[in-house]
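Take a look at the structures listed below.
Note that chain A is present in both complexes that follow, paired respectively with chain B and with chain C.
And then the complex of A and B:
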């Protein structure tokens, strides 16, 4: 009697489990068909609110939804019309730019008009949205001439209008106007705007958000109203060709690399460590892309106090740092040496003929050269690093020109967990400085705490940081070194103050003539490389990996293949017969 | 003749007790293996000072092979290969043994000192003092030590190896304190303590002269287990990227191999520190088990009964 009951019980349990499994599968993004592009992300995106998105992963996803008026040509890096139909027309009399728009639509089928552009600019200016406000601050008025034409009136000439302002996103008035209105009526409008939940962002890009199950996946579907479908822009015919995109989150690079090798993902949207290259090259399912980056990794000084306020001390430290060693060993050769704040890959703005401190010298020669420099500047030692016979020896007791012994100081770096290269650089540089008796010790800190200490509290000695994506426009020189930005929370973190530099920076901001601005930017770099508030270290190569079994046609440009051109151009491989 | 007399003279009670304990310990296979492993690691720690004197390129932190700037497999020049910068893995492994001993023994010693003192005071003092100290022990015991140290590291920046050692010690004393307290509770009821009290001995004298020598073997036994947990905590911290960047520990070696993307490319770099962490913690654990049998005759009886039954 009991046996049939148990058998029925087991059958029932099996049936229920099957139902549960089927239900779970049906909730997911569907079968991984050949038309679905699977992209691996390192971490979960934090938000779908474009104004809140400051993390790289949210911005990657949102860059496929919201589109700018202009983007960069992948070959020349010049401005290329995207939502705009042509290049902006400048009217010097009224200090205005007129832009014609393409006949684009939002993903719900409604037209994208000049009114959306006006709304976006007004919203950024009204709420003073961080990240965007600085780029639109000087645009006095935005007018919709007609549905397809928009005119921007500038309060003063600003060089970044063409290179930075016009490449920021446009959002739909229909979705954001009610949110902005509601946020505007609160006590803290900006907070309300940035905290608004946007479960289904309305965009004009090639894909739209279909489903986001946090901790599992993010599923995007092709936007049937994408303006670029079959259009040729910058000699490239756009798709998109994949029906959908599935973002998978991998918390460690090792798992993502395994997934690539096993053909479980088509592209890992993250620059990987050089150590993975060998294994990926041996695998027939994967391909490596090496791309130049517009990045800056550097050592910064707090020039507000001694000994870092002394340019000779900073020059001596620069001489001791062997950048070739760092590049060859720590970065395994996958980086370019930097002798300026502007990367040499940014050909137009990078200044040539800058000093290359200690380049090509041996370790002993570097120590001797730095020793001479500091001795001439009035530094003394209990036991100098170079003895009377000119031989390098172990030093002790370095004394400042003021007669005070040099205090021990720290080199702050992000932790090895965040960036092993920078953490290792900290240890190596600490040892090099000790060769001259300089009492440095490296101290990795969590990135948030590190930035707060350097930028907000200004309580530090030296640090190693980086900018992973420097804009192509060198406006950042102004941000990083103008004395007006030397304030708590300001980007002039080293506290550099030079009236001559400020004058050039102010002139460059207003120089609309590229050749004139280029001269000014070159001169600014010369001053910086003589004063060295930052020591530029390296510009790493972007190392990215894709699967070769399902998709092809990745577009390589500066900063890698993870760009809108690739997303619009990759095609599924023909299915094997 | 005189020599013979010296040899045949009865040994003192303490020496005899030690020798009896030692023979019991040495009879135990687990203890013997643990001891041999420990001697091996001890030798590694001592030998670690030699490579940098052979050639500066064998310095575990700053030495690099001038001809190798990538992770290379074992060779005549580098018996266990090199890491991605060109540093010798064997030198790092030897230095790692030194750091493991330093972290393990120092942290365990501090935690034993704290645990023994508080346990004795709680057990001997009783009443409110006992309740207060034991509630404090309970509170510290339930704290997830690794998580708290990670949080401290995030808040205050990377911790030095000595700060890590002290933090581990501060989180690892409650279990010792509980055991020592229970021992003290039984000891203080014994006649010799009453006699000492009647003879006018102060509380301090009773604690340190009469109770401490009796709880010390138990404290030392617990020290072996504390060493194991201290080594594991330090390795976990370093592996997660929160170790002392100026120290070459086995956990740090694992962190380097992981973060530079060589986890599956360079087994000669990944396996040695992993195996060493396992074996060293195992050796201390084995020694602890064997010492437990020496100190607790009940365990020996059970073992012998079992043997007899089979």
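And then the complex of A and C:
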């Protein structure tokens, strides 16, 4: 095989190199279409089937195609009519909400009607589509009053109807009805629905899919029938102004940042690491946006067994954790300290009057305070961390109030290659706990295994996890801490059970009046921050970067500039404002 | 043993090994912690959602039932549907494979050609300064950390110097224009191959060079080389006609297997250069427990490597009649 190669190697090498040289000469950097917005993604979207899309990148693309009835006002985070023409009208007699629709069209020019809304709800309910069914389960009946009016009858009052249900999107009956019918006739209807191939999703958003070259790029064109064109919603006149969007895939942030600096993309739709900021700031063609996020990174306890079942132990651990240190040293200052499960950036729902354990104290003061708390609770030491003179010393042999020595335990974290911040936090917290003689050690493990162990098997002591994008509605408090969700696979991973909390959570689920629900949610936070099944640690800042040479007008809101408002508002620099 | 018997015996062995791999892969993925549904979960997914999805994907069945389905599907050519893409895995592999083969096969061939070419010459200068320096340089290159050299080449040639593409296999701006011709598209792909090819070339050539050099040094001690020289042939003729063809046998094995493994792609190379190949997909499939995609990809790679082994064995026997099995 190699013999001819050896004999003619020089010739072949020369030929191949000539070909490559010719390619180099004939090609150059791609020509810019000044009206095309180029967005870099970290990974390729996995699907255009909206029911299957579980990855962030598919959702980013699909969010430009499928639209909801309502969205969030970027300034106030209140519900704002989107496909709907006005706010929902509530009829307490029938427990129903009536919504008038705008005169919107699908991207093929056919009208978007109340029948599409009814179809979407029925489809979700019929197939019990994961992620969506829970949000529509309590909607007993959906009726198209006329083409532009839809009425939802609720089986019971549910607060999330106004904050979560109505912000889920609507799909066209004309495209999905045949697919649903075919899927419904199979043995596995849900899988058939989720695996249905949708080469050209029909949507009502500002853009529509033009071409998707798997592994390379995704090209979207302006939807000529977009209902929002030139409309003013939330004091913003909508476009879109870019003729097309080109999604480019970068597998590493390093290369995507170089692409931004080199003007190969206009926006990298990904929250970048603080380490890139210096380089981007020095580049005059890029601009950085720092935005608040609705995120939660926390340490959780398995409160089903000692010592984690003891609130005093959890409080002492909280006192020992210096969140400001973590933010400064691990996150380079690009995060906010958290004193509640609800991020403080979620202005309406965050309770302000919560305890701040150990805030502003020195290391020694923290140890002394935690020592006093545990001593009062009946914990003893062979050698206490604070000696008779009140000085902090190296402790040993911590003993539980029951008289049993405290067993060594583990802090489970994702591995450093998945999230270096959480892995590092685990190591730091482990050392801080040892200051009090608490025998903790960190154990990083793969994310899948970690989740299975905590959520399904409930076989753990403590863990550090996070939610990068919590919903603005605080319904997750119910998921995380209601005793009904303390079951294998349930979201109450800590196993927290508090009848008073359950009562408030049940009431908040049904509180349709925002002010009343706000009070309940604040009270729930007070209970949680007293009991501390989770220690909230930090809420990272969303760091995003854009190129400044071609487009302007990015809309910054919670979670960053990657949102429908930006997509509808960014303009090519040459265009008159 | 004649050639027919050799092929028959090796084919049976390959089938047995393939069955072991088939079973091993199944066990490996199903016993490992984490499951595809747990990797899909977010807060909007209730335990009931998870249960429903697990049942629909057949993951609630006993392991042996799943294994029997897996074997049955394999025999009938059904490799399943990717959990995350919702598409047949064969389709996904079919989309990704050409990109991988194009890059890695070209890189292997170029590196092997250059390695053989330099290797046979360097052996001629054994003990001289040029031999020492080239050997050291080859060793350094073949031990370079690939992502580092890849990122460095992107930064240096694509960002700092300019003129080379930053990443990917094509220029999207060019491909979205409807009237872009096939020649321009082919040239664009070749243009995007330059940096990854260069990186792979730097890392891979050294090992071929060293193998060829070492083999040449052994060959040069043979009597027929002495005979060739005694016949009055030029050094060039001795090297190219008598020594190099015989010395190339070990390189045949190395290149054969490298070509086979080129279907595996290189996860790191593909990731750094955003090359849309099978290596990147494999990483994604494994880390997200996308069993059908991961298992089908590994099976495909195993099959190609096993067949390549067979071909190399046959080729060896053909090239060197002294070899018998």
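A few remarks follow.
Operating definition for what follows: the second predicted complex is superposed on the first by the 542 of 577 C-alpha atoms of A that agree within 3 Å, B and C clash if a C-alpha of one lies under 4 Å from a C-alpha of the other, contacts with A are read in each partner's own complex, and residues count from 1 in each chain.
The rule is short, and it goes like this: contacts are C-beta pairs under 8 Å (C-beta built on N, C-alpha and C of every residue); 3 or more make two chains touch, one makes a residue touch a chain.
None of the values given here were measured: they were computed from a predicted structure.
By the touch criterion stated above, A:212 is placed in contact with neither chain B nor chain C.
When both complexes are overlaid on chain A, the residue A:190 reaches chain C alone and has no touch with chain B. Touched residues of chain A were counted for both chain B and chain C, and C has more of them.
In the superposition on chain A, contact is made by A:275 with chain B only, not with chain C. By the document's definition of touching, both partners, chain B and chain C, reach A:446.
In the superposed model, A:251 makes contact with chain C only, not with chain B. Looking at the shared chain after the overlay, A:471 reaches chain C, while chain B stays out of its contact range. Once both structures are placed on chain A, chain A residues 254, 258, 446, 449 are touched by chain B and, in the other complex, by chain C.
Residues 1-3, 5-7, 9-10, 12-13, 16, 19-20, 22-24, 26-33, 36, 38, 43-44, 46-47, 49, 52, 54-55, 128, 130-135, 188, 190-191, 194-197, 210-211, 213-217, 219, 244, 246, 248-252, 254-255, 258-259, 261-262, 264, 446-449, 451-453, 455-456, 467, 470-471, 476, 479, 485, 487-491 of chain A are the ones that touch chain C when the two sit in their complex.
Residues 61-62, 64, 69-71, 84-86, 153-155, 157-158, 240-242, 245-246, 255-256, 258-266 of chain B are the ones touching chain A in the complex. Of all the residues in chain A, the ones that touch chain B in their complex are 253-254, 257-258, 272-276, 278-279, 328-330, 332-333, 412, 415-418, 420, 423-424, 426-428, 430-431, 441-446, 449-450.
Contacts from chain C toward chain A in the complex involve residues 32-35, 38-53, 56-57, 81, 84-87, 95-96, 99, 106, 109-110, 112-114, 116-117, 120, 151, 154-155, 158-159, 162-176, 184, 187-188, 190-191, 193-194, 197, 240, 244-245, 248, 251-252, 255-256, 270-274, 276-277, 280, 284, 287, 289, 315.
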